[in-house]
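To start, the structure itself, in C-alpha cells.
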Amino acid sequence: MKKLSLAKLNDLFAAIAQREALYLPVDNGTGKAEYTKWQEGTVYSTALNTGRSAKDFFFPQTENLMEFKMEGKRIDVIDTREECEDFVIFGVRACDAASFDILDRVYLTDPVDTYYKNRRQHGTVVTMACGRPAETCFCGTFGIDAADPKGDVTCWTVEDGYVLRANTEKGEALLAAVDGLLTDTDDKAVQAAQEKTRAILAKLPLAALSTEGVGQGLTKELFDRPEWASLSEACLGCGTCTFVCPTCQCYDIRDFDTGHGIQRFRCWDSCMYSDFTKMAHGNPRVSQLERFRQRFMHKLVYFPDNNDGLFGCVGCGRCLARCPISMNIVKVMKTLAKGGNK
Amino acid sequence: MQRIGVFICHCGTNIAGTVDVKAVAEALSHEAGVVFSTDYQYMCSESGQQLMREAIREHRLTGIVVGSCSPRMHEATFRKAAAAEGLNSYMVEIANLREHVSWIHKDMKEATEKAIILGRAAIAKVHLNAPLQAGESPVTKRALVIGGGIAGIQTALDIAEAGFEVDIVEKSPTIGGKMAQLDKTFPTLDCAACILTPKMVDAAQHEKITIYAYSELEAVKGYIGNFKAQIRRKARFVDETKCTGCGICTEKCPMKKAPNEFNMGFDKRGAVYIPFAQAVPKVATIDADYCLMLKNGKCGICSKVCGAGAIDYKQQDEIIEREYGAIVAATGFNPIDAKVYGEYGYGTCPDVVTSLELERLMNAAGPTNGTLLRPSDKEHPHTVVFVQCVGSRCTETDERGKPYCSKICCMYTAKHAMLIREKYPDTDVYVFYIDVRTPGKNFDEFYRRAVEQYGVHYIKGMVGKVTQNGKQLRVQASDLLAGEQLHINADLVVLATAIEPDKTARSIGTMLTASMDTNDFFTEAHPKLRPVESPTAGIFLSGVCQGPKDIPETVSQASACAAKVIGVLAKDKLTCNPCVASSDELLCNGCSSCEKVCPYGAITYTDKEFRGPNRTTLIRRVASVNPAVCQGCGACTVACPSGAMDLKGFTNKQIMAEVDAICK
Amino acid sequence: MQKMMEKRALELLADGTVSRVLGWSAGEFPYDMTPAVFETAEELQDGFVYNDFCGANLSKYLIKESRKEGKILVFLKPCDTYSFNQLLAEHRIIRDNIYVIGIECYGKADVEKLKAMGLEGITGIYMKDGEYTVETVYGSQTVKAYEAMAERCLACKSKKHVVYDELIGEDGEVVTDCNRFDMVEQLEAMTPEQRFAFWRGELSRCIRCNACRNVCPACSCEQCVFDNPNSGVAQKAAVNSFEENMFHIIRAFHVAGRCTDCGECSRVCPQNIPLHLLNRKFIKDMNAFYGEYQAGEDPDKKPPLGTYTLGDREA
Amino acid sequence: MQVTEYKPKIVAFCCNWCSYAGADGAGSARLSYPEEVKIIRVPCSCRVNPMFILRAFQRGADGVIIAGCHPGDCHYTSGNYFTRRRMALLFSMLDYLGIERERTRVEWISAAEGAKFSKTMTEFCATVAALGENKRLEDLRCKK
Amino acid sequence: MEETLIPYAGIVTKITGQTPDVKTFRVEAPEGGKLFEHEPGQCAMLSVPGISEAMISITSSPTNKAFMEFSVKKCGCLTDWLHSMEEGQMITVRGPYGRPFPVHDELKGKNLIFVAGGIGLAPLRSVINFVRDNRADYGHVDIVYGSRSKDDLVNYDEIVGEWMHTPDFNVHLTIDREQEGWDGHVGFVPNYVKELDFKPENTCVLICGPPIMIKFTLPGLIELGFDKTQIFTTMELRMKCGIGKCGRCNIGNKYVCKDGPVFRFDQLDELPDEY
C-alpha cells in the first residue's frame, strides 16, 4: 500500500492529468457533485456520491455509432469509431465500481460492444472508500463493501492523508507513474477507517434489507404478484430512475439527418417509457404496470437468472433520492418479500 | 419514395436571363426521388403543359416541381395540367424562380444557387405531399352590395337581371351616391340626374333587389357561398312602409338649421328631410341631432302633419341578419378635406370652393338654382381660377396628400371651365395644372374644345397661395412655360381636391377580411387579371373603392363585378379548399386550445370510443374540423400542443422539410 | 392534520360518498411519501400519511382516476387546486367523479435543503414549534422550518383554494406581494451573454429523463410531440445544447397560458434545473403584455394565447 | 484589405395573402434584396410554429423573419393577431435565454408593399450579418 | 474490430410483388453475392438510414449462394419506405441475428409439418427451401399454408411451381373465405390442421403466423397427440440492437433477438405471458 499526504492530493491530480485526462467529483454549484475534468484549481468534492453515476464514462448518454452518406440510390456506410484516449476516473464509490461489473456482463459478452470496450480498456478507475454513508445507501444488501471498494486502484481517506492500493495491472501502472508522490505504508490506518465506516453502515436504516424473496429463478413466483398494481400506481413513467441508475443499460438507436448525411447514434433509453417496446401494431407492455414490473424484475430476477445470481442493482440509493414520487427498488423489494401469497 | 419530375421554366428571358436554367435542372436531377428534370422556354404555354403531361405519363411521375413564376400566377395552370394526366393537383409544387429570384437578383451565379435551393425546398415538400380531394359547400343564392352609388346600383341591377336576389346596404338615407350630386357629366355633358335617377328607380322597383338605405354593415361571418351578415338599420324615426314621400313634414318642420349635406352645406334643410327630390327610397328621415322632439321632447309637428302616420319617434336601430353567397364592396369615395391645404385659403376664404361644391353651385337643383354665384356675396364671378392636383400626386414627404393621381379631376375641370365659359362668356377662366391627363374615349377632344373653342386659359404651373384681397381673391402662381410669376385677382377659386376611399371602407375591409392597400383602397386579387375580385374568396370590388375611376369606368367595372358574382351564385356547390386542418384523433386530448383560435368556428368536439389496453374501451373528447367551414389558416395547428392538429398541404413535416432544405 | 384528513376520508368511504381516496402513503424515511390510492379503511389506517414532505401535486393523477368507476376523494393544497381547475377547463378530468377536500397549507419542506445543510443519514424528522428536529446516524440537529421550506413555497402565489367540495383547515388569500418573479427580473437585468451563460449552465445538466414533463399537470397530451416519431421533432436524449434548448423552450411554450406555476417541474428535476424560471418568464410576460392572468383561477377566462386585442404590442 | 461580409442564411416565412404577394410585388418592381433570404410560403403567419423557427436555427439559419398581413388585414381575420402574441412571447423567451433578439423578427407587409418587402429584407439581412453566425442556437451536427 | 451494429450496404436487385401488401426484396452485395451467411430462421436488421431500422426474417434459404431475400409486409415507417423503393436502390443490412431452427440437430431425420398463415410463411420458407436442397436429411414434409384470400398467399408461384412438385412434399393451401377461381380448401388454418389429422410420430411442427392462428392451432396439435417439445415457432417483438443488449425484446429472462426468435413451445411455457 502507498500513502499520499493530505497536502499532496493536488499534486497527485496534476501528475495524473499530465499523463491522461482525469475526472473527479466536483461540486456543480447546486449542492451536488458531478464528475468534471480536472484542471489546475479544480477542487475535489468529498460528497458521498455524484448526482449522475459513473456509467457515463463507459456508456455515455449519447454516442455516435456510424454515419451514412446517401447520394441518389447509393449508400456509403462510414465507420466513425476512433481509438479512445486514456483517462482516469478518481473518487468512484464502491457501488458505482460494482456497477461496472454489471455493465461488463452485458457489453463485453459476445458479441462484444466495441464502443463500450474501447472506453473500458482506456479507462482507469480509482475508487474512494466511503466515510459517511447516507440513509439511502444499501450496497451491503448486494454484498458490496463500501469500506473496501473495487476498481483499478482503491483509495481510503485516513486521518493524515490517503492510502492507495493498486488492484490491477492498470492500477499498478498508474501508481507507478506517480510513485514520486507516494510513500510506502501498512494497512493499519485503512483498517481503522474501514471499521469506522462499517460501524456506521450497520446503523443505517436499510442495513437489514435483504434479497430474500427476490433473485434467480423466481419469475413464476413474482411475475403475477398483485402488488405490482399498487406499486406502479403512482409511477409517472419518467426516466429518472433509469438515467441516474449506474446499472441501467438499455439503449435506443436513432438516426439523425444532418442535412449532409445520416448520423446513427445511440442514446440511453428507459424501460419506463411508454414507447420503449411500442411496435407498429401494438405494445406487449401495455400499461405502466408492465413497464414498472419489467424494470424491477430485470434487476432482481432476470439479470440474476442470466448472470449466476448477480443482482442488477448496487444499492447506490440514487433512485431513492431522485424518484419524483419516491417509489423505488427498496419499497419494491420489501413489498415483494412481505407475504408472497397475498 | 415519390417519382418527381422537375420542370424549370425560362419564362423567355425573364428567368433564363439571370438564372442558368440548365444548371438548375441539372443540379436538381440529382436530388433523391427526382426521375426527370428538364428546362423549357415557357412552361405555362400549351406546349409546356404538354411537355409536363408527357413526362408524367412516360416517367410515371407522382410529384411535380415547377420552377417558374410565382405560384400566385400559374400554380392553378400546372395543377390543372397534372390533373388532366390523372395526377392529383396537390402533388404539384412551385419554386418561385421569377419574382423571388431572377427579377431581384442580378448576379447569375448567386441567382442560380438560390434557384437550386428553392428547387430543393420544393422537392423536399413534394416528397411529403399527399393527394388531396376538395370537398364541396353549398351556395346561398343572394348577393350583398355594400354601397348604393352608381357602382353599387349597376352591380345590383346586373346581378338581379341574371335572376339572383341582391341586397343593397347604403349608409345614407338614399341611394345615388356622389353621382347624384353631379351636375353634368363629361365628355358628353348629359345631366347626371337624367341618367342616374332612372337607374335608381329601376333598382327600387326590381323584384330581386332589396334596398337597405340608412343602414350599415355591422358584422360579417362565414366564407364564400355562405356569408352571414348583420346589418344595422339605423332608426329614421319614420316608418319606411308608411311614408309616401309627400314631403309635408319637411316643409312644416320648424327646425331649419341643419346643413344640407346634399348641397355641400351651402344651404339648410329641416330636421326631418328627404335629401333630394329623386331620392330612393323616397322617404323622410329625422335627423336626431337637430330634431327638437327627439332632443327635448317638444315639437311633434311632423307627426301631426303626417297623413300616413309614418312618424315614429320611438323607433330604434334594428339589426337584421341575412345570408349571402357573395359580397360586393362598392363603398365609393370622398374628396379629401381641402382645409389641410391652408395656403389655398379653403375654409378661410368663402370663395375658395372644391370642385364637388362647384357642381352644386352650378346645378339647377342646387342652392343657387343653377346660377353660378359666389358664396360670399352671391355675385357673378368674372374671373375663375381652377387649381389642379390639390392633394393628388404628392411626394412621399407630403403627408397631407395622396401619392396617387385621382384620375377624374382633369376631365371634370375641363367640363367646369367649358360650362362656365358657355353660360357666362364674359368670365375669364384659368386652369393651373401640372399635367393634363386625358386618356379615354373622346376625352382629349373634349379638353381641346375647352382650350380651343371656349378659350379657357390653361397654364402649366403651380398655385402658390390664395389670399383674400378685399372682395377678391389674390392668386399667386407660377407659369412654368413662360417662367414667370403670376398674380391673378380672382372672384372664385376652385380646388380639384384628391379623392380618397370612404372612411368606412377600412372597417368594412376588416369585417370582410379583404385586404387593403396603404391608401385604404381595396386590393384586387390580381392588378391585371382579376381586377374586380378581392383576394378573399367571395368578396368582389366595384367602383372607386378599388381605385380612382370615372363614371364610365365605374359602370363597366360594376358590371364586370356583377358577372363575377353571378359566376359564384350560378353554382349550386362550390369546391372547397382541400388544404384544411384536420385532427389526428389518436393524438388529440380535447383540450380546446384549437377551438379558441379558430376564426370560423370550424372545430367541434365529440366524445369518441377508443381501444384501450387489454381490450378495454376508453372514451375521449376529440376535436374534429368541418372541412367546408375551415379556410386553412393554420392557427389551430400552433395552438395544439400535441401536434394532433395539422394542416393539409402545409403540414408540420412539409414546412420543416422546406426549412431543412433551405438551411442545408 | 393527518388525523383530521384520515378521519374525514374514513367517514366519506364509510358513507359511500367516495369509493377511493387519493393521498400519500408512508415511505422508508420520514420524507419519501408516495402518492397512493386507498380503497379500504384498513389500507387508509395502515398507510395514509400526511406531513410537511407531502409536496406532490395529486391533481394530474385524476386524469386517469376520474375515468374509473366510482368517485374518488382527493386532497388538494391551494396551489394544486389551480392545476385542478386548469385540467377541468381543458376537459381532462371528470368533475362529477371527484370529491375535493382542500387542505390548508403554509408551505412544504424540501428534504434537499436539509441534505444541503450536511444532514446525512436521516433517520427521523420531528416537527415542533416551527422547528424540525432531524435525527441522523451522525447525531441530531434542529432546523428552523422556514430554512427547510421548498423554494416554490417561499414564493407562494396563493393560499386560496379556487375549488373544493369541503375544506380542512383555513382557506387563505391570494398572496399579493409574492416575490415569485424576482429571479426572472434578476435574469432580465443581466446582459444577453450572462443570461446565455446562466442557461447553458443550467440546461446543460439536463438528462432528458422527462420527469418535468411527466409530472406536469399541463403536459397531459396523449403523446408528446417529442415522443412522436411522426412529429419530425421527436428526441430521446439531450444530444447537444440545441436539443436541450429546443425541448425546454417548446415545452414551456406549449404550457404557456396553461401553466399554473405549481412548481412540480423544478421539484422533480433530478438535476436541480430551475425549470420554473422558464414558465415564470412566460407568465410574467403575459401579465405584462396582456394583463394579469392566472391559469386555473377562473376556468371561463380566455387564456392569453387564445385571444387577442387589436392594440397588442408588436413582437 | 477588403473584409468579406458574413453572408447569413435567412428564412422568411411569408403569408400567402399579403407578404408572399408583397415579395412577388418586389419582384415585379425589380426591387432587389439579398439572395440570402429564402422564402417559405405559409397560408397565414399564424401557421408558423415556434418549432419551425427553432428548426431553422438548428439547421443553420442565422435569422428568421415572419411576415404577415398588417393587423386588421389578415385574410383569416385574426391569424396575425395570434402570431403577434405568440411571437412576442417566444422572442422574449429567446432573449431571456440569451439568444440574440435581433435574429428573429415579425413584420407586417401587405401585398401592395413590394418596396417595404425589399427594404425590410435588406435591413434584416444587414442586422443579422452584423451579428455573424448563429452560435447560440446552433446544432453542431448540422454544420458541414 | 468487427462491430455488429455497423451494417453492410446492399443493393436491392429485384423486387417482387407477392400480395397487395407484401413484397419480396432480393439483396446482393455491391460486388455481387451475399452480404453474409445465415441459418434458416435467422433474421437481419434492414434499414434505410434516416428512416428506420427493422428486424426482418431472412426468407431465402442458406443454400442460395447468390443472394438473400426478405419478404416484407407493409405495416410501418420502414416497410412503407421499402415498398416504395425501386430496384437498384441500396439499403443497409446487418446480422444474422438470433437462433435458427435446429435444422442440424432436432429436426434432422424428422418428418416436418410447416404451418403458416399470411406473411408467417416468410421465415418458414427459408427452412422449406433448405429442406428441399437437403432432401435426404429429412422425412416426409407437409406444408399447411393459409391466408385471407388467394391474392394474399405469399410465394404462390413458387409453391405451385416448385414445392408441389418436390418429392414427398404435400402442400395444403387454404383461404379464409370462398372466392371465385379458387377450388382449393376453404377455412381457417387451425381447423384445417386438425382435419388433416397429422400423426405425431417422429415429426416436428414449425409454425408461424398471426398470434391468433398460433393460439388456436396449438391445442389442435396437442389433441392430435403432439408434444410441445415437437413444436417450434418464431417470435417477433420490438427489437433495436439484435444482440440482446438494448433491453427491449425480452420475455422474462429471454431476449427474442438473441435467445429466439425460434422457440420450442415447452420453452415458451417457462416464460411469463408478456408477448
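Each chain carries a letter (A, B, C, D and E) given by its place in the written order, and its residues are counted from 1.
Just so it is clear, a residue touches a chain if its C-beta (ideal position, glycine included) is under 8 Å from a C-beta of that chain, and two chains touch if they have at least 3 such contacts.
Keep in mind it's a predicted model, so treat the numbers as computed, not measured.
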### Query
Which neighbours do subunit A and subunit D have in common?
B, C
### Message
Quick check: more C-beta contact pairs at A-E or at A-B?
### Response
A-E
### Query
Any idea which chain sits dead centre by C-alpha averages?
D
### Message
Please tell me the distance, in whole Å, between the geometric centres of subunit B and subunit C computed from their C-alpha atoms.
### Response
54
### Task
Would you kindly tell me how far, in whole Å, the mean C-alpha position of subunit E lies from that of subunit D?
54
### Query
How far is the middle of subunit C from the middle of subunit D, if each middle is the mean of its Cα atoms, in Å?
37
#### Entry: Distance between the centres, which are taken as Cα means, of subunit E and subunit B, whole angstrom
69
### Task
Please set out, as single numbers or ranges, the residues of subunit D touching at least two other chains.
50-51, 55, 59-60, 72, 78, 82, 86, 141-142
#### Entry: Residues of subunit B whose C-beta touches two or more other chains
597, 639, 652, 656, 660, 663-664
### Interface hub residues of subunit A, defined as touching at least two other chains
70, 252, 256-257, 259-260, 269
## Note on the structure
Contacts from subunit A onto subunit C in the complex sit at residues 28-32, 34, 48, 51-52, 61-62, 132-136, 200, 203-206, 230, 233-234, 236-240, 242-244, 252, 254, 256, 265, 267-270, 273-275, 320, 322, 324-328, 330-331, 334
### Task
Using the touch definition up top, name the residues of subunit D that touch subunit A in the complex.
59-60, 141-142, 144
### Query
Which bits of subunit B are touching subunit E when the two form their complex?
1-2
### Query
Where on subunit A does subunit D make contact in their complex?
256, 258-260, 263
### Query
Across the complex, what residues on subunit E touch subunit A?
1-9, 49-53, 75-77, 79, 86, 88-92, 237-238, 240-241, 243, 245-253, 271-272, 274-275
